[in-house]
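One structure follows; several queries about it will come next.
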Amino acid sequence: MSLTIPLTILSLSLLAFVSAVILYFVAQKFKVIEDPRIDEIQAILPAANCGGCGFAGCRNFAEALVGADTLENLNCPVGGIAVMTAAGNILGKTAPVFDPLIAVIKCNGTAEFRSRTSNYDGAPDCRIAHNLYIGDTDCSYGCLGNGDCVRACTFNAINMDYETMLPVIMDNKCVACGLCVKACPRNLIELRKRAKKEKKLYVACSSCGKGGTARKACKVACIACSKCLQICESGAITINNYLAYIDAKKCTLCRKCVTECPTGSILEFNFPPRKLKSELETASISG
Amino acid sequence: MSNLFNISPSPHTHGPETTDKLMRGVVLALIPALLASVFYFGTGALIVTATSVISCVGFEYLIQRFILKKPVSITDGSAVVTGILLAFNLPSNLPVFIIIIGSLVAIGIAKMTFGGLGNNPFNPALVGRVFLLISFPVQMTTWPLPKGFQTGYIDALTGATPLAVIKEGIKNGESLVNLMEKIPSTLRMFLGNMGGSMGEVAAIALLIGFAYLLFKKIITWHIPVSIIGTVAVFTGILWLSNPGSFADPLFHILTGGLLLGAIFMATDYVTSPMNPKAMIIYGCGIGLLTVVIRVWGAYPEGVSFAILIMNAFVPLMNLYIKPKRFGEEIKNG
Amino acid sequence: MFKTFPSGGIHPPELKLTGSAPILYLPVPETVTIPVSQHIGAPAVPLVSKGDYVKTGQLIAAGQGFVSSNIHSSVSGKINKIDTIIDSTGYRQSAIFIDVEGDEWIDSIDRSSEIIREIKLTTPEIIKRCQESGIVGMGGAAFPSHVKLAIPSGKNCNILIINGVECEPFLTSDHRLMVEKAAEIITGVSILMKALNVDNAMIGIEANKPDAIACMTEEASLVRGISVHGLKVKYPQGAEKQLIKALTNKEVPHGKLPLDLGIVVQNVATAFAIYEAVQKNKPLFERVVTITGKSLTNPGNYFVRTGTPIVRLIDAAGGLPEDTGKIISGGPMMGKAVNNTGVPVVKGTSGIVLVPLEDAKRETIKPCIRCAKCSSVCSFNQEPYLMMALAERGLWERAEASGITDCMECGSCSYVCPANRPILDYIRLGKSTVNKLKRERNAK
């Protein structure tokens, strides 16, 4: 009886020792030599695993960064310049500077402007509605309003506005990872260059229909009248397939096209309020 | 155009089946067994069932409303079914607080933590039951005797189940012939006149429920028949090899929770396989495990454990046991 | 007992309200809109321009390439314009708008009602005539018939199956055609047998149409090699592969065509159209359409010129009921919902079903309870719940491995699902995506 306790301790210690020896050799045998910088870089990445960089997750991106000869074409849109510079410092390479981007929805066909022609009653999924028919309005290019982009966004930056039945992107939360761009079956979302003070100016329409058809389906459709093209001084506007497009890199944000557009399909956001014409006139008279 | 037409992908029509109707069908199929248990165990059966159902539905409501903050779906009837099945697996004199704990485990742990209806890997009622069996072994194995309609609750006369009698007896070295005299006759067992959990005793009532489920096409025959068949064959082999120490197949089928388990618990949609081939394998597994636990295990009854163990294999079976698709591996001429 | 296919299938309420309504001729409307794409394959190219005068039966759009189909004018009158219209596909399609003036047919059409049984044309001539007349499969898919009749070298056809099943609820156009035009259909079948060079033709008709079985059996007894088979009522028996299984007990192997078993399937309405094209030289510009619905005062079956807006049909049946919530072109199981009453009748339109609002709404989607009812009704023995889950999550490789592209979209799974899950919606999405990925892979 008195031997029981010492024997137990002895046998357990022996077991522990043998296991430790085995584990030691196994660990030696299967040791994986991994660049410690991968862990370092992963630690500074946003850990959102959104895939905005084009890799499956942050770890994969960190591996790609370490393995790359130059950091060109590699960008973490979520972390932006700060993270990329930090990563560059770890690797001793210079990180390229990418313009910060923001997603915009190129459709403004709210219930007010775009009358419904049917009730969609299928599964609440834009892809299904898109495969089925032109949508619950007569516009076969516009937003279907079933919220695939809302579900795709891992940053909660998109909300559905149930009055207009259009999604709304929140500037402060959007990190331009591009998940919504991939999710939209009608390719309505574009990543555009972020301007100062979150100013945004773009054609909020994707209709490639001819003017008459587009206008009949939606009051704020781009009808490709080319008035904006003529007034633009910086050559930022092009028209393809009956649709105007403003190149954010060339655009000077002068806002002339906005007032020129007969259908109001060009939207501006976060600009200072415009002085009304009458105000201008009274100002000149009094002055 | 005054009103807009609805547009949806085909099909544009839907069958009469709904989740609620299926659950109501299961509840209806359980009514005969409930009546039988009230007949044998009296008001105790009603108290246990009511407590269990109310607390299951209540916990589901509270969890969905206040913890998950999701739409409440208690009207689909799945919590009612869980409640009744949990009650059927309990003795009819179980203290109310134990039943409530069982319901909390069944709904809260076995069902809602996995995401609610349709996502739970284990049968909630059985998880609740096994939790209670392990936590309150004395109360859970003190079976009231079927004394006809009685109003006593906690103080009901108690005794052992036939399975427990045999198990204890063989352990103590008594011969099976003597033991068989201590248990009720086959006819009495068929009618349910024996000790046991309140819902499992009356074979005839359970079989009526089975017929109803089959008639309404709520379940298919595959799982119950394969379980009962396996138990019959396995115990039959044991019995034929040594009738002196193994009970006959009919005894094994009629006693304990085998019929209740095979008809109502193993066939639970969520935790059973999705195609006939896998269903039969699943049923055979339950049958085998049940007999193994009953004959060689520590517990006199093994249906609950057998079902829970096989539940764990269901995802694997769904993944690897596939039905033969139309036009597959066909050699024409 | 009646034959049927073994696994899966459902039995929705039949609701054949118009089974005893004789086929009437719908008056020619004031305007017609004829889409240039009424078939599977390349759209036809218009041969006419604005202001042209066309006669009934005149070729107005020519098929492009082999898998395509000619389009003929269904009326006489002036071309108003060539523009786009939202047709029953749900998308904008190019269409020819014609303002009707009188009803002047081209001279080559034999308009007598005499039944001509003797087949004068040779096999290549028959196939050529089908192509010229714009014959397509009239069961719904609208696959050009001349493509199906032209057997590629190295393959043999030994059985012709004629599909008179009409398993969709509500629809009775094939049923009435079999009752009233049995002789023409049987002659059409003989023409098809000659074109395919087969000795055996089997006609499958579901048992809920005893009058059609009787009429067809009587006519078939006059011709050698044609047999009529009653089939147990079960949906989707009208599907090609299920019908073959029911009639011959052969399973078309995975990824193969019926022709690989030496079988060609044609619809009874197609057989009738082929009779008219070959014996009467009448191109396909008219077909039988069932107009039906629970709230319609006067549902019926009509011979309708293609391009007729369905509102004309609805008016003939007693006007659009107040409570209409959905208009289906085709049957309620596989048809397409249309969003306006201006949609034209095309070659593949077998019926128009008006659904009252209370039946037209889908119920709330609930969580899957894994009851496996979808698997048990799937006539391909597949696992719809799994395919839906894979498609919903975008796991396209696994969806492909699960055989999602085999699905023929019969809708039985969505029909039985007690949780009202849109199973077929997602399977269809998965199917189209997987097919697209496959094409991209093959293109590389």
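A, B and C are the chain letters, set down in written order, and residue numbers restart from 1 in every chain.
In this text, contacts are C-beta pairs under 8 Å (C-beta built on N, C-alpha and C of every residue); 3 or more make two chains touch, one makes a residue touch a chain.
In this text the structure is predicted, and so the values were computed from the model without any measurement.
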item	value
Centrality ranking, top chain (CA atoms only)	C
Chain whose average C-alpha position is farthest from chain A's own	B
Geometric centre distance via CA averages, chain C-chain B, whole Å	49
Approximate Å spacing (C-alpha centroids) for the pair chain A, chain B	51
Rounded Å distance, chain A centre to chain C centre (Cα mean)	44
Set of chain C residues in contact with two or more other chains	90, 326, 339-340, 360-362, 422, 425, 428
Contacts with two or more other chains, residues of chain A listed in rising order	117-118, 121-123, 128, 132-133
Chain B residues counted as touching two or more neighbouring chains	1, 4-9
For the chain C and chain A complex, residues of the former touching the latter	84, 86, 89-92, 326, 339-340, 360-362, 365, 392, 422, 425-426, 428-429, 432
Touch list for chain C against partner chain B, complex	7, 10, 12, 90, 169, 241, 245, 250-256, 261, 324-328, 330, 332-340, 353, 355, 357, 359-363, 366-373, 375-376, 379-383, 385-386, 403, 406, 409, 411-412, 414-420, 422, 424-425, 428
Of all residues in chain A, those that touch chain B in their complex	116-123, 128, 132-133, 136
In the complex, chain B residues that touch chain A	1, 4-9
In the complex with chain C, residue positions of chain B that touch it	1, 3-15, 17-19, 21-22, 73, 76, 78, 116-119, 220, 269-270, 272-275, 318, 322-328, 330, 332
